[in-house]
Amino acid sequence: MKLLSNTAVLLRKEVHAEFRSHELLTTTSVFMLIVIVLFSFTFDPTSAESRQFGPGLLWLAFLFSASLMLQACFLRERTNDTLSALRLAVNDPFAIFLAKLCANTIFLLVAELVLLFVFAVFYNVSVFPVFPQLVLVFFLGSLGISTTGTALSAVSSQARMREVLLPLLLMPLLVPVLIPSTEATKALLETEPALRWDWLGILVAFDVVFLTALWLFGEYLLEE
Amino acid sequence: MRRNARAPSESCETWCEADAVSERIGRPAGLKFTKIEKRFGSLYALRRLDLEIAPGECVALTGRNGSGKTTLLRVASQLTRPTRGELTFPGLKAGEVPAIGYVSHAIMLYEELTAEENLQLFGRLLGIAEPEKRAAKLLEETSLTVRAKSLVRTFSRGMKQRLAIARALLQDPGLLLLDEPGTGLDTESTAWLTNTVHRLRDEGRTIVMCVHGESALSQLASRAARLDAGALIADTRTGATFQTVFAMGEA
Amino acid sequence: MAKTGVYTFLVCALMCGAAYAAFFRAPDEATMHLVQRIFYLHAPSGMTSLAAFLVSFIGSVTYILTRKPKWDWLAVSAAEVGLAFCTVVLITGPIWAKPAWGVWWAWDARLTSTLVLWMLYVAFLILRTMIEDSDRRALVSAFFGVFAFLDVPLVYGSIWWWRMQHPQPVVFTSTGLDPTMRKVFNLSWLSLTCLMALLIRQRYELESSREELRTIEQELEAN
């Protein structure tokens, strides 16, 4: 199908470009680290309470970093007007969104997994036993963040004050991602880990709703 | 097939006959603008413009900055949706959309990729058979083979423009839209550009190029037209001479 | 004009009636007495704000599909009115909570969801101020309006489930209303809904006049 093949071509280009420059991954990972460290200064990280706060601050770090990383998404298509070149070349503009959101999900996931290990060291939490489940939770959460973030990147790139606008628009929208992701992560890091399908269900619902909305309405965002 | 992205509305009657892109056609196609209007907020970039370009014609469009030339070309390439009016492609059956090659002010290329990667990327997106071969051939035609594996970031303005034209030619388009292609080029590149456009014209493609004044490039055109404030004010087809069309700017 | 005047009068009458009923007709509630009466403003305001946001959503979707400016005017008018009612909920909530339960804010599901909704629609209005071109602004904010409204059930759902995991002592729902209370509630809800329609209508007219004025100004400038 043309849509899928176009998406694959564009996705390959996004990943290829990132592997060459490492810009996004490096800056995002380092920023996540900074946020986690700074958050840790606001309470006693060695206490039992840290287990309670840990997953929350991890996801907040992910959210803040994502809202910075996603700025570049459509902004970089404005230099040299490559967005027009893409619009001329693809049949279905949704391919552009799909490729970008897949790429962003991958980048976020990689950065998050790196930070997971840092977090495990800082907070003395054992993550290996539940690693696959954590990857699932991180993936579903990151998919939600990427879908909405990619769409809103296209929105904010057309407005003033876009650096502040994107987080302003994105954060309230992502409350239904923050809560389930944090709760599911917390449940997996308990002494008796459990995979909370109820929370994952909400994440899946969020992903489906916004992917569909983007599919239906995304092309209008790219119009001139 | 592209889903119908054109919203039905009173203010924009079926502006383009081709709602569904079934197959892009490489045959030369004409352009017919009927009462095309484009408004950006309160600014009218194009005012009820009527213009017809026959298949195979080579037209030079001129006008001051802000006269609507770029907008007209963007409407023709279907990047910009007109507020009102209709765009059709004479020479093609209803529903067919021509393969269009568009060169704009911006190079529309990824600077972080190599020349080869850029062409292959757009070739694959367009669904061209054997995109690597086509890319290599175009790089050869634009004398960029030696820099095929260099990042576009390292190219000079002339080389970037050559690559932009290569990108425009990927589909072997029957309709070429060139927006001030000679801007910022040195003499050597300008000569190359003139020769290339000459060749493309002789191959029978329809060419619409925006130029600022008379030059070797504009002399390739068989027709010239002038836009001012979004309206067509002079056209060699309706009696004006080439001289008048271009001289109007000097006044 | 006269029609609007009559309607405005009716709305005022309804609201006075509802206020009177809330204070003098509704029976006294066993534990909270006078303070409980704020419920007749708090709960219907919540429902009305959701109704207004729904109207805004319809405006946004229709604008995207038809591109007629009047739907954008409807979307922004309904969003602003919805936000106003949302603010009423967020103010009356703590006013009720403090005397009743001793805390200003207890992070209960409904109020917290309303807070997130409030932030979403404030973001919507801020987005609009950041885009000058009216057509671009209409299209882009319509898109965000669609996303915002689609988020509403997810916000309510996730926050409700979150509170279920960590039950709290404070509950705002007045379940099991006695029949008179229900009647007063319905009257209050009706009066607020009529007020919502009136406010949306007025704001819509204002937006339409503004656009007309702007078009005239700019055509004059162009000529």
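Order as written gives the chain letters A, B and C; numbering starts at 1 within each chain.
The rule is simple: a contact is a pair of C-beta atoms (placed from the backbone, for glycine too) under 8 Å apart; a residue touches a chain by one contact, two chains touch by 3 or more.
As the structure is a prediction and not an experimental result, all values here were calculated from the model.
> Suppose every chain is reduced to the average of its Cα atoms; which one is closest to the average of all protein Cα atoms?
Measuring from the global C-alpha mean, the nearest chain centre belongs to A.
> Taking each chain's centre as the mean of its C-alpha atoms, give the chain farthest from chain C.
B
> With chain centres taken as the means of their Cα atoms, state the distance from chain B to chain C in Å.
49
> Could you put a whole-Å number on the gap between the CA centroids of chain A and chain C?
Computed value for the inter-centroid distance: 31 Å.
> Whole-Å distance, chain A centre to chain B centre, using C-alpha means?
It comes to 38 Å between the two C-alpha centres.
> Two-or-more-chain contact residues of chain B, please, as numbers and ranges.
none
> Pull out every residue in chain A that's touching 2 or more other chains.
Residue numbers touching two or more other chains: 220, 223.
> Which residue numbers or ranges of chain C touch two or more of the other chains?
Only 64, 136 qualify.
> Taking the touch rule as given, give the residues of chain B at its contact with chain A in the complex, in rising order.
Touching chain A: residues 1-3, 5, 21, 74, 77-81, 100, 102, 104-113, 117, 121-122, 124-127, 167 of chain B.
> How about chain A: which of its residues touch chain C in the complex?
Residue positions touching the partner: 148, 151-152, 155, 158-162, 165, 168-169, 171-173, 175-176, 179-180, 183, 198-199, 202, 205-206, 209-210, 213, 217, 220-221, 223.
> Using the touch definition from the top, list the residues of chain C that touch chain A in their complex.
Listed in rising order, the residues of chain C that touch chain A are 64, 116, 119-120, 123, 126-127, 130-131, 136, 139-140, 143-144, 146-148, 150-151, 154-155, 157-159, 161-162, 165.
> Spell out the residues on chain C that touch chain B in their complex, using ranges where they run on.
64-68, 132-136, 214-215, 218-219, 222
> Inside the complex, what are the residues of chain B that reach chain C?
Result: residues 7-12, 39-42, 44 of chain B touch chain C.
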